[in-house]
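Next up: some structures, all given as structure tokens.
Two complexes are shown next, each including chain A; its partner changes from chain B in the first to chain C in the second.
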Partner chain A sequence: MSVRYLARKVFSLAVTLYAVATFNFLLFHVLPGNPVRLMARAGHLDPAAVAQLKQLFGLDRSLPIQYLIYLRDLIQGNLGFSYVYRQPVTTVLGPAIRNTILLLGTATLLTIVVGVGLGVIAGARANSRTDTSVVVSSLVLWSLPTFWTGMILIFICGVWFHLLPISGINTLGYSFTSLGHLVDLGKHLILPTLTLALVNVAEFALITRSSLVDVMSEDYMVTARAKGLRRRVIVWRHGVRNALLPIVTATALYMGLVLGGAIQVEAVFSWPGMGLLSYKAVLSRDYPVLEASFLIFAVAVIIMNFASDLLYRALDPRVRQS
Partner chain B sequence: MSLDERPGLPVEPGEDTLQPSSRIPWWRAVWGDRMGRVGLVLVIVVLALVVVGPMIFPFAASSFGLSANSILQPPSGGHWLGTDELGRDVFRQVLVGGQISLLVGLSATAIAMVVGAGLGLVSGYYAGWRDNVLMRITDFFLVLPTLPLIIALAALLGQSVVITSLVIGLTSWPQTTRIIRSQVLSLRERPLVLRVRSLGATDRRTIWVHIFPNVSPLIFANLVLVLAGAILSEASLAFLGLGDPVHVSWGTMLHFAFTSGAMSRGAWWYVLPPGIGIVILVLGFSLVGHSLDRILNPQSRGAR
Partner chain C sequence: MTLLEIKDLCVDYTVGADSLRAVDQVSISVAAGEAVGIAGESGCGKTTLGLAVPGLLPANATPTGSVQLLGEEMIGRSEDDLNELRWTKVSFIFQGAMNALNPVHRIDRQILEPIRTHEPNTASTAAKERVSQLLELVGVSPSRARSFPHEFSGGMRQRVMIAMALACRPSLLIADEPTTALDVISQSQILSLLGDLQREQQLGLLLISHDLAAIRRTCDRVVVMYAGVVVETGPTAVILGRGTEQRTAAHPYTQALIKAHPDLAGERVLAQALPGHPPDLSIPIKGCRFYDRCSVRESICHEVAPTLRPVAGTAHLAACHLVGGDVT
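Coming up: the complex of A and B.
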């Protein structure tokens, strides 16, 4: 990978990040719905109090000045002060980010393994009965609203059969040995992970399938077959390895989707991550937390896209040379 | 199109349309495809229930406020799908809620199509700096995580059917722009378009008379898939408490079911029907969309 290419990519990443920061500012500072208006809506607020609140939130300055202050704070890592938690937003976000990474990491791993597996099974025998049933069930799974799937799992595993914990990240009021704590955490992780995987597996299954179907009709696949190689070798060594590239791109796109899924799953299962945090921030109109959450979600997706671009180039010799 | 019949301007077969099959009406093509047919049936069944249903089914009078005994009742002869946390009839709510979900989905899709296809046509037709600027903007919106953006906008702007439609519509267009643009890029290099332009047709005329009709099947196939996505987005948004509190959609029903503790009281009749409604409608539209996609791109049907 040439240095020039890398430099160009990093530059474009920096531009995109700056654009997102600016977009975030426009969203939360220029659109109607500032905190003072929110507070004044509840009752009568005398003009002096309004002025004081405006000064407190820095709303008495002109927009360009507010923008510069916003950028300065961002560079210094200051994301504002939560109205509800009465703490700096960064303090509130820390543990939430960790919990979300745990949930999304597990769910993504499961989703990719199962999704790619199903896609290979279907794509290796295009238009067979297995293929059709994988495609149809993928479409059904794709149509499931994430939050509703979670609610159904709660019904089955929590309300009807008391199989698994349905809320939170660990059992309250229990003291655990470190191993017991891990097992408890694992049990709490099962249903949210399962929900996310069920809903998102279709994305990977369908993309893997169509990519493999394309690869299977390539000339080198005909050659492999003509050489008399075993079917398993043909599919896995010659087919899947070449079909995997679009999956790298799909993973970056999936990141944009799964963050929305995480908000719903965390709200349903009270998983104390970024999603639950932004859900609560929506309900209590805690704008600084909402603003920081949106920024972090967007930056995460942009960085994932950047990484997948680089990975794609590293993996595909054809792109590397051109 | 009369230009093409002049002598000296031979027309290669099929060059002025996307596919020969685009001459067949779309519903007949979809009906001929097994997946498409199932999808059409699902959509028609839901449409019939939701639009005509409230007029023909007898409903028990909502008896909320009368007695605590009438809340969260399981299905019975009087209430076919039981009652909700205020003692209202769930069956009636499901039918009326479907209207709202469908209404928001349709209006959001209309907005997304006008913006998405419009930008795609302009961007693909005028290559050069306009295309460059528009594609930068499109790519930027393409990477933004959709649901967090929708949530932020809805939390700032307020909760009503109009705002929800606007917010979802104005965040669902980038994919459409991408698809339409790449098709227009290849169309504008076709002999027909080059000939028309060299004869002095204005840009507006070229786009509307010669390019738009050729991308409209593609727009339609994309529309159905965007519609399925918009219905899911509305449901998620409403479930998170950002739906219109007056015009209750399926998502809003599930929000009330979740927050009122209907789950822990085992009120499956309150949770299942709205969700099944969403799944059937979304599945129906996505089956139709995939079927249209296969009709328009036969080469992606896969090697036999």
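Coming up: the complex of A and C.
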């Protein structure tokens, strides 16, 4: 039963990934612009040179053949060659992915812990003063655009008070011990993480709160009270446990948004991750890098959705049945 | 010995700036091992009364008066002190259709939970053994202990609820519409089960129901409530009649309730609906609360609120100017 479910899920995951890869291929072939011209960066080009470039990048083949080659390369883990960096795309992507995972991982952890925590505090005492202040401040934070929050934080923490580094991932020109290096990295991480987390904490707090408020009025919550359980047990074991279901869904949706937010935040803080990389790739029409970034973003969102499906199933016995 | 002694209980709900007295000066007692039914239409304060006993009223409700359970005053008790009595002395069974079991936890865990909370010294194996016994007692196979609530039918869920209610061997069981929204077969089975358990285990039972037949089957005494007050109380056999006995409900409201129920055993007459609805309690009522709907009202009923007076003997009381005492 469970194995069959998993097999079905993995199959649909594979189909989705294939569709995304195909769409990704088509997208960059229907976009206007001539890659050869862009590579040469010159108006006049020797037809022999054009032919050579086309051959080098396989652009002389027919579209279906190019598609097959693309798929073959993809399976082999070959994402092409960057026009700008003059390096294999995989080499360029490696550190960028690592840096983005570091940034998004920290921000997501912070978001979920603080957001859900605040939501529980507010939702368990609906309409109390604490609840109202959490809701109001969350609404304010939620309405702040990420890039704007980032710039304001840079202004306050970096420019006025010189508290924290505002750009990049390491202080340039210094050599650190390994511990010192980590501390330096941590300092650089604070502002971008905070920028990303602020808006998302607000969202999670609001979702958690409203979900918990709904659950708190359920009949089984009265049962839990009637059983003489301690308030903490009632709120967490019976309340939050049930309120988690919408939160898991929200987390999957959040992944898509946070990747978009990462592009803005990385651009504002010059954080050398996927966001900054794709931002630069757009500016310099570095198609192979863009293609690869698109693919990776899409794969990340799909995998997160897959994970949340599995988690939802683990959390809600009623879903397991159908 | 008196198990539950409710004296002059009032419950006021605050909604915005308005206040509403849902239960007004109600006194009820339940002896150990006795089954008492509370009858009345929806909105008569039955559920509020039930919830007030273990202190489960919503935050906007204020109870005053006295509720004593085994000599312990429940009103004004702190939540922690209430928790010591909840489920160990008084358990609650909620309406059959309600989502009273937590959908994400297996039923054995939900039955174990109060045992673990109130008897932390009970060994894990002994506690699990008790869960199996409880399930067997209510007619659920212990092999289904690892199931989730949604895997049971409504009637089975209510059986699980009853098993859970008995987990810490309480002295009093409050059942609020335990058979409502179940099919008739399940209703009958659940009522038999409740009745049997009550007799076998010498449980005090407070059965809250609009279904007079359910009360007639299981309860020794009946309390009829209307608009937050007790209008009639007495032995079930006397008021509702059991078997061939003549029923002698005294209050016009009780009589109307009985007429509104089709009787399978008696004459074949069409059940008569009682027109109208209970009064709005946010507006003060001077006279009898049933005045507007009463078919035998007199002028005094509009002016003076009736009090409970003996109808016949000391056990049967009714609050009606036209019953018992001097006025006929």
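By our rule, the second predicted complex is superposed on the first by the 288 of 322 C-alpha atoms of A that agree within 3 Å, B and C clash if a C-alpha of one lies under 4 Å from a C-alpha of the other, contacts with A are read in each partner's own complex, and residues count from 1 in each chain.
By our rule, a contact is a pair of C-beta atoms (placed from the backbone, for glycine too) under 8 Å apart; a residue touches a chain by one contact, two chains touch by 3 or more.
Bear in mind that the values here come from a model prediction, so they are computed numbers and not experimental data.
K.L.:
Of the two partner chains, chain B (first) and chain C (second), which one does A:W148 touch, if any: first, second, both, or neither?
P.N.:
first
K.L.:
Where does A:R231 make contact in the superposed view: on chain B (first), on chain C (second), on both, or on neither?
P.N.:
After superposing on A, A:R231 lies in contact with chain C but is clear of chain B.
K.L.:
Using the superposition described at the top, determine whether chain B or chain C touches more residues of chain A.
P.N.:
Partner with more touched residues of chain A: B.
K.L.:
With both complexes superposed on chain A, which partner does A:L290 reach: first (chain B), second (chain C), both or neither?
P.N.:
So A:L290 only meets chain B here.
K.L.:
Of the partners chain B and chain C, which touch A:T223 in the superposed model: first, second, both, neither?
P.N.:
It touches chain C, and chain B stays clear.
K.L.:
If you stack the two complexes on chain A, which partner ends up touching A:R86: first (chain B), second (chain C), both, or neither?
P.N.:
neither
K.L.:
Of the partners chain B and chain C, which touch A:R241 in the superposed model: first, second, both, neither?
P.N.:
Touch status of A:R241: second partner only.
K.L.:
Using the touch definition from the top, say if A:I302 reaches chain B (first), chain C (second), both or neither.
P.N.:
First partner only, chain B.
K.L.:
Mind pulling up the chain B residues that touch chain A in the complex?
P.N.:
Going through chain B, the ones touching chain A are 35, 140, 143-149, 151-153, 155-158, 228, 232, 235-236, 239-242, 251, 254, 257-258, 263-264, 266, 268, 271-272, 275, 278-279, 282-283, 286-287, 290, 300, 302-304.
K.L.:
In their shared complex, at which residues does chain C touch chain A?
P.N.:
For chain C paired with chain A, touching residues are 54, 56, 79, 82-88, 91-92, 94-95, 98-106, 113-114, 117-118, 148, 150-151, 164.
K.L.:
If you look only at chain A, which of its residues touch chain B in the complex?
P.N.:
Those in contact with chain B are residues 16, 19-20, 23, 27-28, 31-33, 123, 126-127, 136, 139-140, 142-148, 151-152, 154-155, 159-160, 210, 213-214, 216-217, 255-257, 259-261, 263-264, 267-268, 278-279, 282-283, 285, 290-291, 293-294, 297-298, 300-302, 305.
K.L.:
Contact residues on chain A for chain C in the complex?
P.N.:
218-220, 222-231, 233, 237-238, 241-242, 315-318, 321
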